[in-house]
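Residue numbering begins at 1 within each chain, and the chains themselves are lettered A, B, C and D in the order written.
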Amino acid sequence: MSVPDSFPAEIADLIETGRDFHRRGWSLGTSSNYSIVVDRAPLTLLMTGSGFDKGRLTPDQFLLVDGDGAAIGETGLKPSAEALLHTTLAKAGAGAVLHTHSVPATVLGELFLAEGVLRIAGYEMLKGLPGFTTHEAEAVIEIYPNTQEIATLARTLEARLAETGNPILPGFLMAGHGLYTWGPSLADARRQIEVFEFLFEVVTQKRLLSGSF
Amino acid sequence: MSVPDSFPAEIADLIETGRDFHRRGWSLGTSSNYSIVVDRAPLTLLMTGSGFDKGRLTPDQFLLVDGDGAAIGETGLKPSAEALLHTTLAKAGAGAVLHTHSVPATVLGELFLAEGVLRIAGYEMLKGLPGFTTHEAEAVIEIYPNTQEIATLARTLEARLAETGNPILPGFLMAGHGLYTWGPSLADARRQIEVFEFLFEVVTQKRLLSGSF
Amino acid sequence: MSVPDSFPAEIADLIETGRDFHRRGWSLGTSSNYSIVVDRAPLTLLMTGSGFDKGRLTPDQFLLVDGDGAAIGETGLKPSAEALLHTTLAKAGAGAVLHTHSVPATVLGELFLAEGVLRIAGYEMLKGLPGFTTHEAEAVIEIYPNTQEIATLARTLEARLAETGNPILPGFLMAGHGLYTWGPSLADARRQIEVFEFLFEVVTQKRLLSGSF
Amino acid sequence: MSVPDSFPAEIADLIETGRDFHRRGWSLGTSSNYSIVVDRAPLTLLMTGSGFDKGRLTPDQFLLVDGDGAAIGETGLKPSAEALLHTTLAKAGAGAVLHTHSVPATVLGELFLAEGVLRIAGYEMLKGLPGFTTHEAEAVIEIYPNTQEIATLARTLEARLAETGNPILPGFLMAGHGLYTWGPSLADARRQIEVFEFLFEVVTQKRLLSGSF
C-alpha cells in the first residue's frame, strides 16, 4: 500500500498540526519537519518530506524513513536533512518529534548560544512539561550551534541523550534555527511546544519590561 | 444523569470559551480552569477537569465539585488543585469563575509582586469593570505569590473577600501564574477578562514607549 | 416597522464590522460604538445600543437616534453617551462614524495629549486617507482629553469642524480612550481605521527600534 | 472573453492571496498590488486594479496590462501607478510579482534607507530564499527611497536587474512603503514573502532584546 493509504489517521493529524503551526507563525516558508514513529522493529518514522509548505500539506507529501533517516521505498520525495535528528530522538524513546521555527525560538537561541543554555525558572507554566510538579523549578533548555552537518549534530545529541544523572528536557534549541520537541505521542509534543513558546514569550516580554531576563 | 447530559448548555458555553481563550493565547498547554455555579444549596460547581487542552474540550472533560472543591460522583476525572479558589469565590457570590494564563498577566504579576498590587488608572476601558462609571478612577489589582499550597491561598482569599470598606476588584493576579476573574454570569466574567487583558497590554505598551508604567 | 426590519442591510454590515473589529482587538469589552446615517431630513442615525459586546451584535441591539443623540421610538435600548459625537460628525457631512478602542490608539493618545496632536509624516500608507496623494505629507491627528462630559466635547468638536482654512482629518483621538473616524460610507470609515491603526503601529515600532517617534 | 472569464484560476489564486495577506496585516487599507504573467509574447500581466481592498477582492477588480504597464481593453479599471515596476520585473523573468506593505517592512525600510541595504545573516530561514543552501550566508536587501515618480524608479530597477556579477535578491524594500517580491510562480513569491517577513520580525525582535541589529 502507498504511504497515504497505510497511515491515514497519522497523516491527517500531521496535516492539521502543520495548518495550526503555520497559522501561529511556527512553521513558515518551507521550514519545520514533523514525524511520528509508526514501527519500532524495525524503527520506522512517518515524516514530512523536504521543502513543502507546512500550512497546506497533502497526503502525498509524507514518506517513511528508516533508523538511519533514509527514505523507505520509492515515493519521489526527499527526506529532510534533519531526519537523522528525528531518528536519534526516536531511538531514545520519542513517539513523535516536532521541529518548529518561531521568531522567539530563533532569536533566544541566538542570544543565549554563548551560554549554551536558556534557563527559565519560577513560572507555573513549567508544570506543562514532563517531570515538573511545581513552579519552583528551573527548565534548562540546551542550545546547539546551527549547522548543515546534521550527522555530527546527531552524534552529539545521541551522546547527550545517553548520559545519566543529568537528564535532558524534551526540547532543545538550535541557534538561529528553532526548537525541537518530542514526546510519547504527537499530542504530548504539541502541548510541549505551546508550553515552550509561551515561556519564550514570557522571557522576552519580561526582558523588554524590566531590562533583565 | 451524567454530567454532560445534565448541563449541556453550560458545557457548550465553556467549550466555546476554551476554544476562544486558547486561540487568543490565554489558555495554552493544559493551563487554566473554568467553572459555573449550577446549584447554591448545596453549593455545586460545574468545572473543567484537570490536565485537558482548553482549546479542544469535550463534554466528558467536565465534572461537578462540592463546596470543598471535592469531586461529586464517579467520573474518573480529577478536579484541579485550584478548585478551592473557585468554591471560595462562589461562596462570596460569584456565578462563574475563570482562571486564565496570558503572557502579560504572567509577567506583570511577577514584576509587581513586591508592591502587592498593580494599579491602573485613567483609562476609559476601566468602565468595563463593575462599579466604574468614569475613567477618572484607579483599578487596584491584588497580586498573590504563586503557590502549590492552594488551601492556604484559599483561606487568605476568603479573609480578604470578607473584609468590608475596601472591596476587592473581581480579579486578582497570581505572580508568574495568571489571572482569576469572576462575575454573576459567564458572560460577565468573559467581558472582564477582555477588559483586564486589554489594560495589561496598555500598561505594557506604555511602559515600553515611555519608560514608565 | 421595527428597527431590525427597516434596515436589515445596514445592520448586517455593522454586525460584520463589529465581529471583525472585535477579532482585531479594536472593540473589546463593551467598548466602541458605530453609526450610519439613514436619513438627512430629519437627521437620523442607526446606531449600536450602549453596553453590548461588539463581537456578537444581534439585530435587536441597534436603535435610531435623532440629531440631538436622543433615542427615537421605544426599543428599551439606551443610546451611548457618545451619540452626540456621532450626530455632530453627521451634521458636518459624515455618512458613517466608527469609534474604536485599540491598545495603540489608547496609548498614543495618552502619550501625545500634552502636544495636542500626533503628527505622522512620510509614509506611503497616508495615501489611504482622503486628500493625500503623496507620502510627502503629514497627517495631524488631533487629540482631545478624555471626558465623561460628552456634550462639552461635542461643542468643541463642532466648533473645530466649522473652522475653515485648517481642515481636520477624518479622525481624532481621545486620550486613553481611542479613535473616532468617519467618512461618506461605512466602507470608507473602515478603510480609514485600517490606515490609522497601521500608522499607529508603525509609529510605535519605529519608536521602539530607534528611540524617537 | 472578459478578464474574469479568461483567467478564473489565476484570479481565484490572487483573491485567496489577498484574503490571506490582509488577515496577516500585509495588505491593509487599499495598499499592495499583485500580478501574474499570463502571456510572454506580447508580455501581458493579470493585475489587481488600483484602489481596492485586498481582503475582499472580486473577479471584476482585475485587469490586463501590457509591457508598458498600460491597461489592455476597456474594463473601467485603472492600473496601479506601480504597474511599471511589475512589468520591469516580468521582463527580467518574474512569473509573479507581489507588493506588500507590512509594519516591519515599512519601518525597517525607513530605518536602513541611509545605508541603502538591510543585511540579514546567519539564520536558517535564509534557506527559504532561492540560491541559499546554508545559514552561513547574508541576504542583502536593497532599499530604494519612496517616490511617486514610478517611471524613474522603474528605470533604476531595470538598470540594477541588468547588472551581472552582483545579482539582486528577489526582493527589495521601498522606504516607508513596503516590500516587492517576485518569483517564477505565485507560490514561490508567496513563500518568499513569508521568509522575508519572518526575517524582518527576527531582526526587529533581536534589536529590541539585545540593542543591536
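Structural remarks
Simple rule for what comes next: contacts are C-beta pairs under 8 Å (C-beta built on N, C-alpha and C of every residue); 3 or more make two chains touch, one makes a residue touch a chain.
Every value quoted in this text rests on a predicted model; they were computed, and no experiment measured them.
A rotation of 90° superposes the C-alpha trace of chain B on that of chain C, rounded to the nearest 5. Of all residue numbers seen at the chain A-chain D contact, under half occur in both copies; the interface is built from largely non-matching residues. Distance between chain C and chain D, defined via averaged C-alpha coordinates, is recorded as 32 Å. The centroid of the Cα atoms in chain B and the matching centroid in chain D are 45 Å apart. With touch defined as above, residues shared between interfaces to two or more other chains in chain A number as follows: 208.
In terms of inter-chain touching, the protein chains here make up one closed cycle, each touching precisely two others. Those residues of chain B lying in contact with chain A across their complex are 25, 28-31, 53, 101, 103-104, 106-107, 110-111, 146, 148, 174, 176-178, 204, 207-208. Against chain D, in their complex, chain C makes its touches with residues 122-125, 128, 133-136, 187, 191, 194-195, 197-198, 201-202, 205-206, 208-210.
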